[in-house]
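Since the structure comes first, as structure tokens, the remarks are kept for the end.
Here the chain labels run A, B and C in written order, and each chain numbers its own residues starting at 1.
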Amino acid sequence: MAEPLLRLDGLRKHFGRLAVTDGVTLDVLPGEIHAIIGPNGAGKTTLIHEITGIVAPDDGRIVFAGADITRLSLPARARAGLARSFQITSIVGGFSVLENVALAVQARSGSSFRFAFPAAREGALNAAAMEALDQVGLADRAALPAGTLSHGEKRALELAIALATRPRLLLLDEPLAGAGPQETDRLVALLTRLRAAYTILLVEHDMQAVFALADRISVLVYGRIIATGTVAAIRANAAVRAAYLGEDDT
Amino acid sequence: MRDIAVPVVVLVALAAAPWLGFGGSYETTLMARVMILGMAAVSLAFLVGGAGLVSLGHAAALGIGAYAVAILDAHGITDAARVLPAAIGAAAIFSLVTGAIAIRTSGVHFIMITLAFGQMAFFTASSLAAYGGDDGYTMYSRTELAGTRLLENRLAFHYICLAALALTWAVCAMLLASRFGRVLRAARENAQRVEAVGLAPYPFRLVGYTLAGAMGGLAGFLLANATEFVSPATLSWQRSGELLFMVILGGAGRLWGAILGALVFVLLETWLAQQMQHWKLVFGPLLVLSVIFLRGGLAGLVARRG
Amino acid sequence: MTTQLLLVQALNGLQLGILLFLVAAGLTLVFGVMDFINLAHGVQYMLGAYLGAALAAATGSFWLGLGLALPAALAAGLLLEVLVFRHLYARDHLAQVLATFGVILFLNEGVKVVFGAAPLQVAIPPLLEGGVEIMPGLQYPLYRVAVLGAGLATGGLLWWLVERTRIGMLVRAGATNAPMVSALGVDINRLFTLVFAFGAMLAGFAGVLAGPIFSVEPGMGDNVLILAFVVIVIGGIGSIRGAFIAALLVGLIDTLGKSVAPDLLRLVLDPSSARQAGAALASMLVYVAMAAILAFRPAGLFPVRAG
């Protein structure tokens, strides 16, 4: 078995007496799409926050690419190569589509403490940003204000921003939330194209999409991982069916 | 295009004014006030509109710059090569230290904390008995430039103020367009997004806050030389409120709006004060009405027309 | 400095703290419930002081003046709410700051026009003249003791109102989650108006009490406003308990600092520089304390809102 890219080791988080993350141990292997599923209230959002550095775990370790990142801040984790999308789309609405991505490019290429030259005229930044936009099919939208994009396009833009940071791991928090059927199809096709080049940790409610995309699935129930395995193994797992599919048979 | 055109028109008008019958002592004094407060307002517009940092203590930077000139004057130091860096440096250091704490907070906390730090500077100035205390301090002379009394010359001073205003505006515009400014602008709208691409907004905001303080210090240097007098009123919180009003009257988000705001503010204030003793009775309600009805400020009006 | 003087200064500090609390309580409630930053809260304190002074002079009785000034301050608060503040609830903090700043300019000038620029003196009511012996041989003015008592009683009443009554429950709920309270069918606008007018009356009450101690003059509300801001920032915005503790803290630090700092500095400096540096230091102390507290707890001592 290959060395995992991301390893969660015994993560615990309590809010008051409620154990929201109750000893989660999980490996994401290089090159795989690893999905986390679980019913509402299973603690998925908190887990994501712990991985990205918004919430500090009470106990346990997060190891990313061989380094312990448990105490690093959100920006420091991003610089280490952990890119994320947000459950609620997070873009700079007042910026153009291109500038949204160019910001991410500038964050990884050279210092952002440059005070003189107009950033919009930095050809290298714009070229790299266009490349990322091209990957998600938004190249023809580059000049538009990002706030005017459709919901699905904003989702794609957020992906382009994440790609532009040249991440080693993409952490996608419900990328399909709020998308219509057509948009969902387009986004699933996009993620399918990306799978060859990226390692992805996917949290998603849309079971069809998860079963179509994931290499492995971990099932989170009441803060614990009750099963990890291939799509087929998870489908067949009795405990999963009882705890999860029984409640929510989508 | 308008972002360049409007300020250039205003700056050219100010450059031509002394030759169009506005070269008298009264007019140049008034214009100096417009330009100096305009400078402070532009640097505040950079903070408010650019970085999203609504400071209600910006007059402190202005006042500290002015007090640096006065204190050095009291000790016989009037050489611009020493006075100017001291004025800018003192304001920048004050902004750096207070900003380091204030920027940890956000929203209304930030407004209140900058207000409180501004008051701290105000009370400190009031307690400086050696430099006039509450009554203020009258300078022996204006700052000397390379051994000359150039700043005493009315026209020369006019153009020095104009150059400083143009410089402040150009520097702020340059900063906002740079990589640094891009981070500030993005963080104003969505700090989480900036963090998620790997940049922590805090150091950018702190540097921006310090730079704006330095520009406030430059304006303070000129203010002390324009009036040859400093008093705690220079850094009162009312002055901070007035600067903020200039920014909003002009239209936050646009640097040139602040120049326009300063112009309208100073002219209106001067005109009203000539009409009646209790002009603030009219000015206060005007302020309230303009906030309630004139959203987007004067710049918004100009932009909608054009 | 003697123990006796220190005791007197501590009492003075507590009394300043009590006045600050009365002002800060309204400010913190208005902000907590309505997310509204009201710079004009300080001039409402000033207005209370002027109303108290003028009505006491007109009726010849401090008590009648007090009794009439409270409803007048309440009415002034209501008037301002209807005319100005109501139009600003939906706007950002910046717009609120500027519009209420305009109200300050107007009212500070307005009292000059009506009452003149010179400070007004308010006599201590005969009932509360003289002093009480707080230690053998140490007299403390009875009026100041009464202010302390009245402030504590008001604080207790406020605590009861907020913690134990239905209205208070709504106010607390509104401070945590206004949309939720609104969704539960409570007329949030009426609640806003009520809290607002009540806050204005509290500030006015503090103004009337302060009349015989400080001079009544234009702009007297500005410094109190800023100290009240410091209080609610330290205490945690929206928290009455936080405001109470922070107000006493700020009152004590300010008053004791002003009397102790020059003496302490005299140990290391010559008397005249000690006096000057001491005065500068003392006026900074409150803000230094605020900075120190915020460095460790950016949301104040008793944060109301989670996250």
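Everything below uses one rule, namely that contacts are C-beta pairs under 8 Å (C-beta built on N, C-alpha and C of every residue); 3 or more make two chains touch, one makes a residue touch a chain.
Computed from a prediction, not measured in an experiment: that's the story for all the values here.
Going by C-alpha centres, which chain is most central here?
B
Could you tell me which two chains share the largest number of C-beta contact pairs?
By contact count, the leading interface is B-C.
Please indicate which chain is farthest from chain B, where distance is taken between mean Cα coordinates of the chains.
Greatest centre separation from chain B goes to chain A.
Please work out the Cα centroid separation of chain A and chain B, and write it as a whole number of Å.
44
So what's the Cα centroid distance for chain A and chain C, whole Å?
Comparing mean C-alpha positions, chain C is 49 Å from chain A.
I'd like to verify one number: the distance from the centre of chain B to the centre of chain C, where each centre is the average of its C-alpha atoms, in whole angstrom.
Using C-alpha averages as centres, the distance is 31 Å.
Going by the contact rule set out above, which residues of chain C touch chain B in the complex?
31, 37, 39, 84, 87-88, 91, 93-95, 97-99, 101-110, 112-113, 222-223, 226, 229-230, 232-233, 237, 276, 279-280, 283-284, 287-288, 290-291, 294-295, 298-299
Can you name the residues of chain B that touch chain C in the complex?
48, 54, 56, 98, 101, 104-105, 107-109, 111-113, 115-117, 119-120, 123-124, 126-130, 237-238, 241, 244-245, 248, 252, 278, 280-281, 283-288, 291-292
Per the contact definition, I'd like the list of chain B residues that touch chain A in the complex.
By the definition above, chain B touches chain A via 174-175, 177-183, 185-186, 189-190, 192-200, 204, 207.
Which positions of chain A touch chain B when the two form their complex?
Per the touch definition, chain A meets chain B at residues 52, 73-76, 78-79, 83-84, 86, 90-95, 99, 102-104, 106-108, 111-120, 122, 161, 164-165.
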